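Shared chain: chain A. Partners: chain B in the first complex, chain C in the second.
For the complex of A and B:
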């Protein structure tokens, strides 16, 4: 399963990474090289094997549903690149320039 | 003069309790060593003398008041810079978090400090713990105290180097595929990954949530056990931390290995690319176990050969999800001229993440993307099941298992940094344990051409006590001096 240049660009969009042409090219080579090794897994007959998401047997971890103190708004905003009026500031999502 | 290159954690605590020296003097000795050695090591991203002095003053006040001291009172401790501690930045050695201020404490760090430890600083790592050499740091490489032209391993290379150089007596690292044990091997320290769930992950920046676990570095097995005592146990802030009873891990360290069933993982010892000196050293360690009265035999873990492949799907897949949070909005690096939200995300992330982080995010996103999920992620999760089953079978016949920790000793800076696959192979012996959730400890078992060799001792789930007992028995028998020459003596402390 070789990865094409357009695959790399598609995945970069999914991952929200604005890659340069140079990065796209080197990642295509590197990902193909890494996946070339990983492809040995495709040869295994694992049809009857159950997948593991968690290595240990655990049951639901429950606690009482009670309100407790948590991070204050001030602390939650402490590291925000831009904050105003107790909220994170972001550029316009859509319709820039319109009255919203 | 306090010589921190020779004092154990218990000797420091007892020395303070017995008023032979004060915690403040210990802190001063630690920072004198930092001043002398850090310029040639670069183990730290940030030093925290004010926090250490305040902690030392609290310990000294307890002594003055005649209070019983906690187990790690006055012990200098370093913390990997992916764990939060209020009053410090938590950078993950990434440009994207370069100015991030911790707004709460990581549970394991909090517990270590509650046990009386003095925080020396935050340690360098491969960015977001992606790597095996600490070269993938946005803030420069960490050097191995045994040979400063060589890497300390990674990703917890700063935590390993700080302890190896005696700038800290113990430290915390995190281990997703070997990031505690492999640098432990390369720096001649005792380095432990506990059972998955034994230690809360709350406040440690997530890499792969089903694999990550926090654990200690120390100069000896007992100090590592003391740190595990302090940090282990249920935390309601991490639903995957377990309620399993936490024993005193130091209680059985001297019980010896008579009758203990020790299995050499034979097929791992036959791996192509394993340094012959390391292989011989592991065989010699096994022979010592037999001489000490253990029942030693061979066992195979055939599915472990698929560990690296499964890991390089599961690890990046989970990482690509976890790192989605770095979006330039709530925290972290942000481009200042974004035209819209998508542009803000895409350029902030591309400019903020280093090359290996981008590689892993891309690999993981690909493996999880439509059309490839079953072929990659699904298949890797099934291979993971086979590995768990093979270990379970081996533990029917053996109480602990032995492998090398790393296929080679510390390598030269730059030697592997252009070949991701060669770097990934560094963790071939450690990765299977993360996939199976098993505890493992790397301990020094000899030298190859003047550089430390690590032996990995593997225990059953939640049986760190037996694993540490086996490690302590061999440590006492070998009686190695694992102080690198640059770190010998009291220096100015």
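For the complex of A and C:
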């Protein structure tokens, strides 16, 4: 399974990355090299192995429904480039959709 | 929209509707993956922390009560509970979501494969033109899944039209809501009419309220309904192109938006145009939907297992322990009301469609005894409901308490006051919050049922009106009403009408 140039451009678009043609080319090479390692796994017989998302043999790690202290608003907004009325300010978004 | 236009369209086209219903778990104390409190509103960004702000290095940990509430909800709507499940990351860019991904569930949700039975009666039965009968019917609506995720923040768009994002100069983001535990239920496309959609959403809301997992406020957005809808010619098997409708913020809006959309799609197909797959926004003021975005911009979410969280392995015993916590659900309660107190279905439906109403009824009947249950139901469905509607208040906000309504029912039932007087006492009760017996005493309204007292008045009236007595005895039977009026006036309305009638007929006859 090889990654095409258009795959790279598509993923870059989704990740909002502006890549030069040179970067697209080098990233395509790098990504294909990473996928090459995956191909080695494809050669193994994994019929009896469950898909694994975690290396740990741990399940059901949860916390009780208990309230903890929040950040102060001043601290929460400290790194914001712009704030107004206690809210983070976002510049106008061209062609923005709406989602929930 | 004219109802006849919709029914004309439904004669030719069948609608295929599926709903996506988001419910915030507002009854929880803390957010989905952090300890910030779950509340509505408040000053912006005062309930935030590194986790719900998506700051680098923060570690989200799932709220156990949110997982339990979701499984509880799944069991209440007949879902299977997955013994192996996990969270996934759903990637998309939007400023109300600080991590640029939402922690959600993908192919391993907690609940799947359930259903709800939805009763449709009244005028809306006509929407199912494929049914020959005008009788009420029950539609079984499949539930594909219920999964758990985190809610987003809230944005205020400044400088655009109607607070919409398009054309806005800038947007203000408040992350207080970000990370609120959010359940998403996806229905099968089994819904065929706007009314079925409304009934499904109403029933689901009542179930969630019964479970106590959410306040389900459509106004405050703790319950949000989106719809997927397409139409096809009747008899056609292949599905039409669907549109997704958002911003249906009330049950009426849900119904009206879907009805509008059925007609809009039919108008396109009637002139040979095709329906475009897109997301549309319901404008409640203009009563129309408009395009929000086309599916060409559809998101590619690139789900992958959430690496910050380990999977969930539930045992059958654990699921059973949650099942034990499912309380009496609305259908069962309605049946119990009909069975225990012999109430007609209509009464049972009205009383059990609101949790507070049902609780009020049970408290009042506990006081009056089961024999007077029907009288309690009547008073609640008529006077009490009219009073709540007139004041625009909920059951718990009324000055009328169950004990007061029960007392009033008993006063009528034992003949202390007449049904007509009861109306007056009820009005006074609403105004003053005083107990019925106090009002009856203060206004000297006690009904006179004592036969000898009534006989004395009747004798006097008969003696004073020999001409009318002669006419009556001559065959003008209808004059009895006039005599009743005379007696009641003499008794200042406090004569027991039944006894007065009986004495009059005896003495005149």
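Points to keep in mind about this one:
Everything below uses one rule, namely that the second predicted complex is superposed on the first by the 81 of 100 C-alpha atoms of A that agree within 3 Å, B and C clash if a C-alpha of one lies under 4 Å from a C-alpha of the other, contacts with A are read in each partner's own complex, and residues count from 1 in each chain.
Assume contacts are C-beta pairs under 8 Å (C-beta built on N, C-alpha and C of every residue); 3 or more make two chains touch, one makes a residue touch a chain.
Bear in mind that the values here come from a model prediction, so they are computed numbers and not experimental data.
Of the two partner chains, chain B is the only one that A:31 touches; chain C does not reach it.
More residues of chain A are touched by B (comparison of chain B with chain C).
By the document's definition of touching, both partners, chain B and chain C, reach A:53. With both structures placed on the common chain, the touch criterion links A:66 to chain C but leaves chain B unconnected. Looking at the shared chain after the overlay, A:76 reaches both chain B and chain C. Touch criterion met: A:86 reaches chain C, while chain B stays clear of it.
Judged by the touch definition given at the top, the superposed model places A:8 against chain B, while chain C stays out of reach. Chain A residues 10, 14, 16, 53-54, 56, 58, 61, 63, 71, 76, 88, 90-93, 96 lie at the interface with chain B in one structure and with chain C in the other. Looking at the complex, you find that chain C touches chain A at residues 22, 28-30, 34-37, 43-50, 53, 61-67, 86, 91-95, 152, 155-156, 165-166, 168-175, 224, 226, 246, 279, 281, 292-293, 297, 299-300, 302, 305, 307, 309-314. Residues 1, 3, 7-8, 10-19, 23, 27, 30-31, 33-35, 37-38, 40-42, 44, 46, 49-56, 58, 61, 63, 71, 75-76, 78-82, 88, 90-94, 96 of chain A are the ones that touch chain B when the two sit in their complex. For chain A in complex with chain C, the residues that touch the partner chain are 10, 14, 16, 53-54, 56, 58-71, 73, 76-77, 84-93, 96-100. On the chain B side of its complex with chain A, the touching residues are 99-101, 103-104, 195-197, 210, 236, 239-240, 242, 306, 308-310, 312-313, 320, 324, 327-334, 338-347, 349-350, 353, 358-359, 361-363, 365-366, 369, 372, 375-376, 378-386, 388, 420-421, 424, 435-438, 461.
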